[in-house]
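Below is one structure; the comments refer to it alone.
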Amino acid sequence: MEGDLIGRGVELMLVGMGTVFVFLTLLVGATTLMSGFVDRYLPAPDTTATQPGDGPTAEEVAAIAVAIARHRNPSS
Amino acid sequence: MELIEQIWLGSGLYQLTLGRFVMICVGLGLLYLGIVKRFEPLLLVTIGFGGVLSNIPGVEIATGDGLLHLTYVVGIETGVFPLVIFMGVGALTDFGPLLANPRTLFLGAAAQFGIFATLLGALGLTAIGWMDFSVREAAAIGIIGGADGPTAIYVAGQLAPNLLGAIAVAAYSYMALVPLIQPPIIKALTSEKERAIEMVQLRHVSQAERILFPLVLLLLVALLLPSAAPLVGMLCFGNLMRECGVVDRLSETTQNALINIVTIFLGLAVGSKLSAEQFLVPSTLGILVLGMVAFAIGTASGVLMGKLMNRLSKNPVNPVIGAAGVSAVPMAARVANTVGLEANPHNILLMHAMGPNVAGVIGSAVAAGVMILFAG
Amino acid sequence: MELIEQIWLGSGLYQLTLGRFVMICVGLGLLYLGIVKRFEPLLLVTIGFGGVLSNIPGVEIATGDGLLHLTYVVGIETGVFPLVIFMGVGALTDFGPLLANPRTLFLGAAAQFGIFATLLGALGLTAIGWMDFSVREAAAIGIIGGADGPTAIYVAGQLAPNLLGAIAVAAYSYMALVPLIQPPIIKALTSEKERAIEMVQLRHVSQAERILFPLVLLLLVALLLPSAAPLVGMLCFGNLMRECGVVDRLSETTQNALINIVTIFLGLAVGSKLSAEQFLVPSTLGILVLGMVAFAIGTASGVLMGKLMNRLSKNPVNPVIGAAGVSAVPMAARVANTVGLEANPHNILLMHAMGPNVAGVIGSAVAAGVMILFAG
Amino acid sequence: MELIEQIWLGSGLYQLTLGRFVMICVGLGLLYLGIVKRFEPLLLVTIGFGGVLSNIPGVEIATGDGLLHLTYVVGIETGVFPLVIFMGVGALTDFGPLLANPRTLFLGAAAQFGIFATLLGALGLTAIGWMDFSVREAAAIGIIGGADGPTAIYVAGQLAPNLLGAIAVAAYSYMALVPLIQPPIIKALTSEKERAIEMVQLRHVSQAERILFPLVLLLLVALLLPSAAPLVGMLCFGNLMRECGVVDRLSETTQNALINIVTIFLGLAVGSKLSAEQFLVPSTLGILVLGMVAFAIGTASGVLMGKLMNRLSKNPVNPVIGAAGVSAVPMAARVANTVGLEANPHNILLMHAMGPNVAGVIGSAVAAGVMILFAG
Amino acid sequence: MEGDLIGRGVELMLVGMGTVFVFLTLLVGATTLMSGFVDRYLPAPDTTATQPGDGPTAEEVAAIAVAIARHRNPSS
Amino acid sequence: MEGDLIGRGVELMLVGMGTVFVFLTLLVGATTLMSGFVDRYLPAPDTTATQPGDGPTAEEVAAIAVAIARHRNPSS
């Protein structure tokens, strides 16, 4: 009974630690692949996602803000 | 008069038991550690105060319809609070150093050995009759070695709610004690020369990598270890909100109002498990001892893996950063930096140590998934 | 056509009753007081709007699965909302003036006489057959005299949920009317010379005192009157977060996002008790009258205690600050300051009045504990 | 070993079905649209991530005690989340342009024709046997034409929870596609000369009008169509907090922390309805097609009403602003502005288009009330 | 049966769209009446509600803040 | 019966008000004792708790921030 418990513990330790290592090893691989993919196909320095796409540009936002401000307070 | 007798019978003085008195002192002690010693104050202040409230005799606070019990049922039994906190951790975490050097994930993996060694230790103490932990309980205790508060609370809430108070207190206390626990272990296992090793500057990481990483991680968890998906998924969601650049208002609220509100109620709810009946039992002592052992083993195995990587790698690896693999973000990385500076005043290890540090968060969430799969 | 008839049968015009019409006007009246007259706008705007919503005929809003009813069940029946608001009050309260001059606690004690006198009054009206209040209801009505919104809502939710709407409306309305109610009472009970008394500058209070005070208060409540511990405990927790200096991010969120969110839903939930069936009953009139009496008696007893303290103390005490003992923070303290300035243009009583003002918060929470112990 | 087999049997690889794989790709596709294409990112990122999480095999996330299922039950089945979002929309909405020119409400009314035409279309597809929608389901699908996310989610949650995922995805996707869908329709129905029409500057709107408008709107709904009162009531409450000027701290929190927190959990909860079993059914295709038709018809009827108003009115009305009547605030107004500028570089239609734009929000909430009354 | 469904749909469309139009027409009327009422009886340029009523004035707030600051830190 | 109700009210009033006074009197005493204790044993002017203990100093925080900023944007 006690031996069983220890045995179960050892088994859990080995399989558990093994799973953690296998998982993180695969994650190292996947991350490296992903970085390589990005480096090759999405090389632009951060512009892919930080350039405004369909959203309004800063100028548009400013123009809208001014228009709204004028509307709310036409004397200004 | 009858009413005055009613006051006296309802008073704390009349109803106080030794256990409750001791636990109120424990709660005040946690407040002392949090406020004066500044050990993990966000959690120790809230848990400590919750512990004091929970042991006030003669009123329902941590039981029945009391606020702390309701909070516990709604937030911890369901797993909602730790998961939301993990989302907030994701929104606060910069995976850049890990992406710049993914092999630091091995350090984060090695440091989880503390978790499984402690699991074995808890079962061993049971086998020799000193304690009486089931496999589920032993698994929940082991997670203390993950040095990650919300993960420990989540797993304890799933596998061993009766031990949740002791496990949470142990996890946060030892996380706070990292600056005292880790340096002697690191120094015992490394030479001055090893600790002085300088590492090559980390490369720049693009935004596309930062956006794709949480998705890669989530998909890998989905394919290999779905039982870790709730924890890892929320971490990845928070991190994706942080990095994607199009939902900054959600990310900002997650990093501030949301995580703060949940932290307050998480702390109070954990405090509700510090009632004398649940905390003042022999197993608590076992949990505190085992948790300390878990931390020490995790630190040691991280450092040893660092030494191994230094031998096998063409770029030098300072083994000190392996100690950061236990997580305890960002304390453990800061400790590694300090130890490195002692050996070599030009050696800024901080960003290098952040890699294993956040890898340790992923590693213990994966270990939590393993525990829930096997013991759950 | 059948569908058009369905619209007509479902319309408010068809289903409107006189009671609901009256209550919608009451709700609009509260909005008027909050928006145009600026009486306690945070609560009167939310309660008033909730009152209008609750009386829209033919749709479940304050009943069944309606949002306001759900909010009431989740937030008020459980006591969660007033307790969280009380935590926020603690995080917003500076106990410094009270710590500099602890004897102002006597003023906060004396002003609670309004609570108990009103309890007696409510039972008296029942005895002569004008009203029909149980002891529990009378206790809940008395708490209006505490001039503390969350305390009144908490006690009413525990002891007399059917009267909660009227009690909350009375409490917040009279708190808003403090600048009109108090000055004549103060002037009737004091001489110009007394009102002109200048008080010695308050001493400096150290951070250690500020940190220890909420703990001392909590422990005293725990030992003597545990039934007040939920309310007082949350107040102390909020105040400890504020003063301890190590959890500023939690304190900041408590003082802003958290208390604001809960205030919105507390107001709407209280508004859900302004339905015609529950509000347009004879007892509401009794509650409004008794609440006014409670305020007046509380103010008077605070002032009289101030006069007594001025005689007995070696340092002069301006009795005007006794009126601030009813709480209604910070309105009552500001009124005391104004009345003092009228009598003596060099007399800045504001900080001196803040002592009894916050003492009144503690006093009415203690009185609430007494009520819950005896009547609960 | 047995444990390794347990890992394999528990893994996603072993349990993955084609349907779940497809839905994970759909979720990633929504993330792509939200992050890279910037289509309604606040909702598509949260819904998309929720969709990925919900299709991870072998773990309870969108079912049972999983976080996303709990969130769905608590927030969407009750209607709480869309109603709170609507309160936030009210706090963010400036009704000034509508008040300056109330007749733009007719444009907001006309654009709702898309809703009812789609309802008819859904019943027609059922009549010819291509689909199998009940009247309740057809009504919920029609609401996609309202171009208002929270309204669509609220109605779908009430009338057809099984279709909620597809309806929400369609509503937000088409709202995001407004810049692609609307211009060709507008141009097909108007001449260059009509699109070049300049409109007279809007008059100034006083604060009293701004404060009274939400109350007038609420009372009208209360009298005529109480079934729309929950939605319209919360919109009005948010707007009253915004405009009344005395509860700025509540308004500020509503516009930020509160709406952000609810948006995160609303998105995740909607994502929980993207499970393969519920989404990969023939009706989803029908919903996507019908939703697109609804948008197109709504746009067209708004523009045609604009042409009619231009003929009947003494002040010129540029029919392009009619397209903004579908709501999709503020995207549709911005599209109208762009189309107007193309025809006449001096023609700033933005503020003129905001009138029908916010009128469309009211219009679709009223249409939702009609649907709930007739089909509910 | 199919005819019934279509018939029900047509009926819902007509009555529903009619309700929306009637409602918004009444809202146009009510809003116009309200604006006329405000223009006649509450003409003050935004002052009705933005002037501090019973609340403290900015000076009072400042004075209170100074008093509190002095109290907390008497050396300043 | 009416007399009973009044009697109960009077009793509640006396005992309740008495409890409030006793409690607040004890609080005056406890607070005074606490302030005396602080004055004697924790006299340092606010430094006990506001001095950074084990947490990072401002310089450390600044150094960390700079290191992170450099890492994220090495061109600066």
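A, B, C, D, E and F label the chains in the order they appear, each numbered from 1.
Simple rule for what comes next: a residue touches a chain if its C-beta (ideal position, glycine included) is under 8 Å from a C-beta of that chain, and two chains touch if they have at least 3 such contacts.
Predicted model, so just to flag it, every value in this text is computed and none were measured.
Taking each chain's centre as the mean of its CA atoms, which one is farthest from the centre of chain A?
C
Is it true that over half of the residue numbers where chain B touches chain C are used by both copies, so same, or is it different?
different
Once you count every C-beta pair in contact for both, which comes out on top, C-E or C-F?
C-F
How many angstrom between the C-alpha centroids of chain F and chain E?
Chain E and chain F have C-alpha centres separated by 40 Å.
Find the geometric centre of each of chain B and chain F from their Cα atoms only, then give the gap between the two centres in Å, rounded to an integer.
Between these chains, centre-to-centre, one finds 27 Å.
Chain A: which residues touch two or more other chains?
Touching at least two other chains: 12, 15, 19, 48-49.
List, in ascending order, every residue of chain C touching at least 2 other chains.
Each of 3, 7, 35, 38, 211, 221, 224-225, 244-246, 256-257, 374 in chain C touches at least two other chains.
Determine which chains touch and list them pairwise.
Per the contact definition above, the touching pairs are A-B, A-D, B-C, B-D, B-F, C-D, C-E, C-F, D-E.
Quick one: which bits of chain C touch chain E in the complex? Just the residue numbers, please.
By the definition above, chain C touches chain E via 1, 3-4, 7, 35-39, 94, 96-97, 100, 176, 179, 201-202, 204-205, 330, 334, 348, 350-351.
Of all residues in chain B, which touch chain A in the complex?
It is residues 98-99, 102-103, 105-106, 108-109, 112-113, 115-117, 119-120, 122-124, 126-128, 135, 138-139, 206-209, 211-213, 216-217, 220, 224-225, 244-246, 359, 362-363, 366-367, 370-371, 374-375 of chain B that touch chain A.
For the complex, give me every residue of chain A touching chain D.
Of all residues in chain A, those touching chain D are 11-12, 15, 19, 48-49, 52-56, 60, 64, 67-68, 71-74.
Quick one: in the complex, what on chain D touches chain B?
Counting only chain D, the residues touching chain B are 3, 6-7, 10-13, 15-16, 24, 28, 31, 34-35, 38, 41-42, 45-46, 49, 52-53, 56-59, 61, 65-67, 70, 256-257, 260-261, 263-264, 268.
Taking the touch rule as given, give the residues of chain A at its contact with chain B in the complex, in rising order.
Those residues of chain A that touch chain B are 2-3, 5-6, 8-10, 12-13, 15-17, 19-21, 23-28, 30-32, 34-35, 38-39, 42, 45-46, 48-50.
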